[in-house]
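Next, two complexes with chain A in common: one pairs it with chain B, the other with chain C.
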Partner chain A sequence: MLRFAAARARQTAIVAIIVTSLAFFLVHAAPGDPFSTIDTSVESAAARAEMRVRYGLDRPLYQQYPAMLMNFARGEFGTSFSQSRPVSAVLAEVIPDTLLLMLPALTFGVLLGVALGTWQGARAGSSADRGWSTVTLGVLSVPEFLIALIAATLFAVRLGWFPATGMLRIGATHSSFADLLGDYLHHAALPVATLTLTIACAVARFQRTAVIGALSEEFVRTARAKGATDRRIIMTHVLRRTAASLCAILGLLFPALIGGAAIVEDVFAWPGAGHTLVAAVSSRDYPLVIALVTVGSIAVCVGSALADAAAAWVSPSGAVDA
Partner chain B sequence: MTQASRAGRRTGIAAAVILAIIVGIALIGPTSFGRSASDSGDLRTDRLSPPSAAHPFGTDASSRDVMARVVQGTRVSLGIAVLSVGILFVIGVAWGGLSGLAPAAADRWMMRLVDALLATPRLLIVLAVVAFTGRLAAPALALLLGLTGWAQMSRVVRARVREVRASDHVVAARALGTPALSLFLRHILPEVAPTAFVMAILAAAAIIPLEASLSFIGAGVAPPTASWGVLLRDATDHPTDAWWLLLFPSVVIATTVMCVNVLGERLQPRDRNFLAR
Partner chain C sequence: MQAARRWWMATAVLGAMACGAVADKTAVIAIGADGDALIPLLWTQTQARTYTELMFDKLAEIGAGQNTLGDAGYQPRLASSWTWSKDSLSIAFHLDPRAHWHDGRAVTARDVRFAFQLYSDPKTGASGRRDFAMAVDSVSVGDSLTATVWFKRRTPEQFHSVAYSMIPLPEHLLGMVPHDSMRSSAFATHPVGNGPFKFGAWEKSRSLELVANEAYHRGRPKLNRVVFTIGNAQAAVRAVLAGDADFYERFTLEDMTEAARTPDVKVMTVPIYVYGVLEFNMRSLDGKAAHPLFGDAGVRRALTMAVDRPSLAKNVLDSLARPALGPFTRTQWTSDTTLRQIPFDTLAANTLLDSLGWKRGGGGMRAKAGRALAFSIVVSSSSRPLARYSELLQQSFARVGAKVTVDLGDQKALIDHVVPHTFDAALLTWTASPSPSGARELWGSVSLAKQGAQNAGNWSNQTWDTQVDSALAALSATEVRAHFRKAYQAAVDDAPAIWLYEPLLVPAMSTRLLTGPIPSDAWWQSIPSWDVISAPKRPAGGAPSSAKKP
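So, the complex of A and B:
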């Protein structure tokens, strides 16, 4: 197990380095830089050249890139253009808020998705199964931001049941922890529900396929021959069998999930990393964008590695493929 | 044929027909209906007017015909999707084919790059590029989406190439001394092609929402080009007073992606689930 962890950590580091280099070189392969489009009537050519020097953009790429990696490794992300403070301070502020959105959504989404997918897989081919398959495919065909937009328009703007934006009431002082929690839950309801819905539908589709596959295996026939009830076969034998592939699938879902979550945050003006990223992109706050993208990519790599480790851990055969 | 699979086939055909209609309308373009996506009507009387006989989808805040804008947006969004799928198809098949035929050590490293790309949040990478260079023109955006999207394709193609490579007719052709290139093009590729086409359809189903999301947050195609995402972005300015701005683009985008998804699912061979491996 320890050897597996070490191998997986090394692999994750390699993947993380490839991902960040990819981001870096794609960014620099494109023409222009953050200072080439600043209003030329306000900023003189000399001022722009000075900015390039300050941010090291005048140096060749093979020097910039290692310099950037070294700085990132030391936790120095530079200064945000738009917020005029260290990028690390911004990160420390927004990442916890993103976790407050992602963790509940991931938990509910996986639980609901597994429940629905298992239920469908156990009665595959029935009209109920086909109906739910259409529903899940339909939900996955709508981009997350659109679900968020429709939810915000319907439940926040029209019906006024939930606030449309933010994480807490602006300027409010909370008298007690219960008050604070209630305020958070009221604000989190719509964004968490949006993300939960898409995660649940994606998970349900994979889980359904996995359950159908597991049900056709020998061990199910054995269990049935021993007189196990349908319920017991599903709850103990099949679910244990599908747990490994579920973890693997979650690892594959992370990259798309983090992008979608960023946009859902933006629609609801949730004060997390995604909303900050979108704002930083439109104000062309290059240091903040690069830092957020790097952190996001590393989070995905670590998430995938954890998902793989979990898959290996729950795998009934114990087979570990580092 | 069971009842379920017959129903599935009907769904597949329906999806193909609807998709063909949407693509057909997009190809013909809004001008053929005597409409323009950019002309404003009378700013005093036509501004934000609800759907009517003259404007079946209503008009927007600049008195433009929403139906014409949706058709125009379909052209842009589908154009970007087709172009980027074309790019990722070529790269994915080439890389996957090469990796499938390569010796084990090279194969392992080639797939490691694919793993890295699969772990890449594409939306974040595109945002990084846009933050650095400013908004991209539609072909540049398509290129970027294609360059970051070929990993899944190459992984599935590689797996299929490995299977086909071991089959009798390929082994026989190899024994007869067929050169590597023609072995790949004439004996392996034809068997890999159906799989690659299904992957291309699934890739399109992922790229359309991705491009819409980018345009929605203002990081997609540069103005004045308007894709679906731009239309939805415009709709957010009028959350209460103009439901048609949100409804019609939403319906078109959801219908299109749903049809692409259904088509990809129906064409997928029954015995494999590409994404679940």
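So, the complex of A and C:
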């Protein structure tokens, strides 16, 4: 297990360096200057030049790049151009907010997806299975932002059941933790539901196939011969059998989940990392963009490693492939 | 009797509920982006200007007539009155003795002089300093409540250049801060102003909260709190439609349709100081020679004739825009709606291009001496109207044999073309101000050979330059108007740009919000007189604070 962790840590470090480097060169290659504005008076030009010196942008890229890598290695992400404060302070603020969106969505999405996929797999070929297969495929073929927009328009704007934007009531003071939690749940309902829907549909499709495969295996026939009920066979044998492949699939879904969360955050103005990344890109906030992309890539690596470890743990063979 | 008592009790309870509901009086305003610095002289973004002008008062405020000539259109703010010298080369501003900074210190003449020192020091990097520095020589302090502003020369807008452009700042708080460190000072994020609202809290890129200044010398604002919620434009629209926010200043045509279905939301239209143009570059991309196409006024005029500006405005913005008439807006007091315009006439455009030697070749496209009549238009993808305009202009120009490619990028990419003048033609919107003086640099030779968006197209026209200079030196409104009319006509005739449209601002708001008329130059200036008449759909909560997280 230690060898596995060490190998994955090495992989994560390599991926982080590659992604950070790509992000660095891509943001610098994009047209536009972080400090350019349409106000082009002499004073503004001088102020711009001063800002470029202050943030080291007056130096050539071959000097900026190694300096940035060294700083990142020390955990120093620099100062956000657009927010005039340390990038680490921005990350400390936005990453928990993103987790408050992603973790419930991942939890509900996996639970719903496994339940639906297993239910479908157990009655594969039935009209109910075909109907749900059409629904899950339909949801997955619609872009996430469109689902988010439809949800916001229908449930927030038209019906007024939920807020359309934000994470908490604007400027609110909460009288108790229950009040705060209720406020969060009210605001999180639509964005979490949007993410949950897509995760659940993706997981359901994988789970259905895995259950169909497991049900045709020898051990199921043996269990049936021993008199086990269908319910017991699925709950005890099939779910265990499919858990490993489900974990592997979750590892693959993780990058898509992070991308999807960014889109959903932007639609619902959820003040998380994705929403911040979109704003940082448009304002050419180089340090913030690079830091967010790097943190995102590390999160994907860690997520994949955890999924692989979980797959190995639940796998009957118990093998861990570093 | 018992029934009557029940009625009375029910009414009392409902009344109490209603009173309690609006007791908070918080207005939530959605905005599309955050501001940069909270010091008036340092803002470079409209959002920061919005915040600061609610916290800091000017010496005097422009009136509803938006007249910048002399002082007749101005209303007292920090200054309760002012006295002109006999030669009009100085104005003594008498500060309102009731005016105080939010920390309780009185606003004094030294604060006016201190602001002048900051505005006139290039190290400060003050926005819009140029007009101010050109007009004002010095500021002297008489008694603690009298600041005298000395001018370099008499100009029709000298009062405007001080009262509108220079905002007094607290010397006792900023006096020790080096001028080149203002932006990074603690004051820039936690300002102490003197206006109707005090700084509350600022969660960068999330929200900014202002609270009513109970001791405001002109009377406490009706709202207890104003909370700006910061997101993107689409989220701001949905926030108002869903009742999360009370106000967003910029609905589009599509948003208005949605608002019409929402009984709790009302919209209004406000003429503003914005106009959209297709600006031609008179110089080649390297800037060393005349542009092969747009160096010729005939080509510019022919292309202008190819564009049906009223139809395009109708197509893109329906009733939310009017065709522009020149380098000004109808809201400016020097505007002239009787100028002779270049008419939409495709036949005449074709004839003119033929006469200039641009002959049609294969595919109907024109060329002259081996050079195709082809150019690119740079446009920002963040403006949907302009992106749509680029497609329609492409079609209009194709009808007269000009091949156009559209270079669509984001706002930063557009600035990358406009500031160094590396474009053929650019679709731009310009924001003017109540004063027409800004046109001098925006379109005049004074900005030639400088990096910058001012006169991005390198246009030079002697009539324009002399007439604008004469207008800015004239002392009567009639004279100013007459000179500007000649300048505007020269611009229309010489066609440095195609004057496309003047959009209307479409603020949308909750029906619980009473705003009164929205000023054309700055929608936020009426916020101190706003009120709420019922509880919000989603109450913002009680006392000001930063939101906690679970």
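Quick note on the criterion: the second predicted complex is superposed on the first by the 265 of 322 C-alpha atoms of A that agree within 3 Å, B and C clash if a C-alpha of one lies under 4 Å from a C-alpha of the other, contacts with A are read in each partner's own complex, and residues count from 1 in each chain.
As a working rule, a residue touches a chain if its C-beta (ideal position, glycine included) is under 8 Å from a C-beta of that chain, and two chains touch if they have at least 3 such contacts.
Only a predicted model underlies this, so the values are computations on that prediction, with no experimental measurement involved.
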item: First (chain B), second (chain C), both or neither touched by A:H28; value: first
item: Which superposed partner A:P96 touches (first chain B, second chain C, both, neither); value: second
item: Contacts of A:G138 with chain B and chain C, given as first, second, both or neither; value: first
item: Contacts of A:I258 with chain B and chain C, given as first, second, both or neither; value: first
item: First, second, both or neither for A:C301, with chain B first and chain C second; value: first
item: Contacts of A:V157 with chain B and chain C, given as first, second, both or neither; value: both
item: Contacts of A:V314 with chain B and chain C, given as first, second, both or neither; value: neither
item: First (chain B), second (chain C), both or neither touched by A:D266; value: both
item: Touching partner for A:R284 - first (chain B), second (chain C), both, neither; value: both
item: Chain B and chain C contact sites that coincide on chain A, given as residue numbers; value: 30-33, 37, 152-153, 157-158, 266, 278, 282, 284
item: Parts of chain B lying in touch with chain A, wherever the complex brings them together; value: 2, 4, 7, 112-113, 115-125, 127-134, 136, 140, 144, 147-148, 205-206, 209-210, 212-213, 216-219, 232, 235-236, 239-240, 246, 250, 253-254, 257-258, 260-262, 265, 273, 275-276
item: Footprint of chain C on chain A - complex, ascending; value: 30-33, 36-47, 50, 82-85, 90, 96-97, 100, 152-153, 156-158, 160, 162-174, 177, 180-181, 184, 266-269, 271, 275-276, 278-279, 282-284
item: List of chain C residues in touch with chain A within their complex; value: 26, 28, 30, 33-34, 36, 44-45, 122, 124-130, 180, 183-184, 189, 204-207, 209, 225, 227, 229, 231-232, 234-236, 238-239, 241-245, 258, 261-262, 382, 409-413, 415-416, 418-419, 451-454, 537-545, 547-550
item: Chain A residues touching chain B - in the complex, by the definition given at the top; value: 11, 14-15, 18-19, 22-23, 26-28, 30-34, 37, 125, 130, 137-138, 140-146, 149-150, 152-153, 157-158, 206, 209-210, 245, 249, 252, 254-256, 258-260, 262-263, 266, 277-278, 280-282, 284-286, 289-290, 292-293, 296-297, 300-301, 304
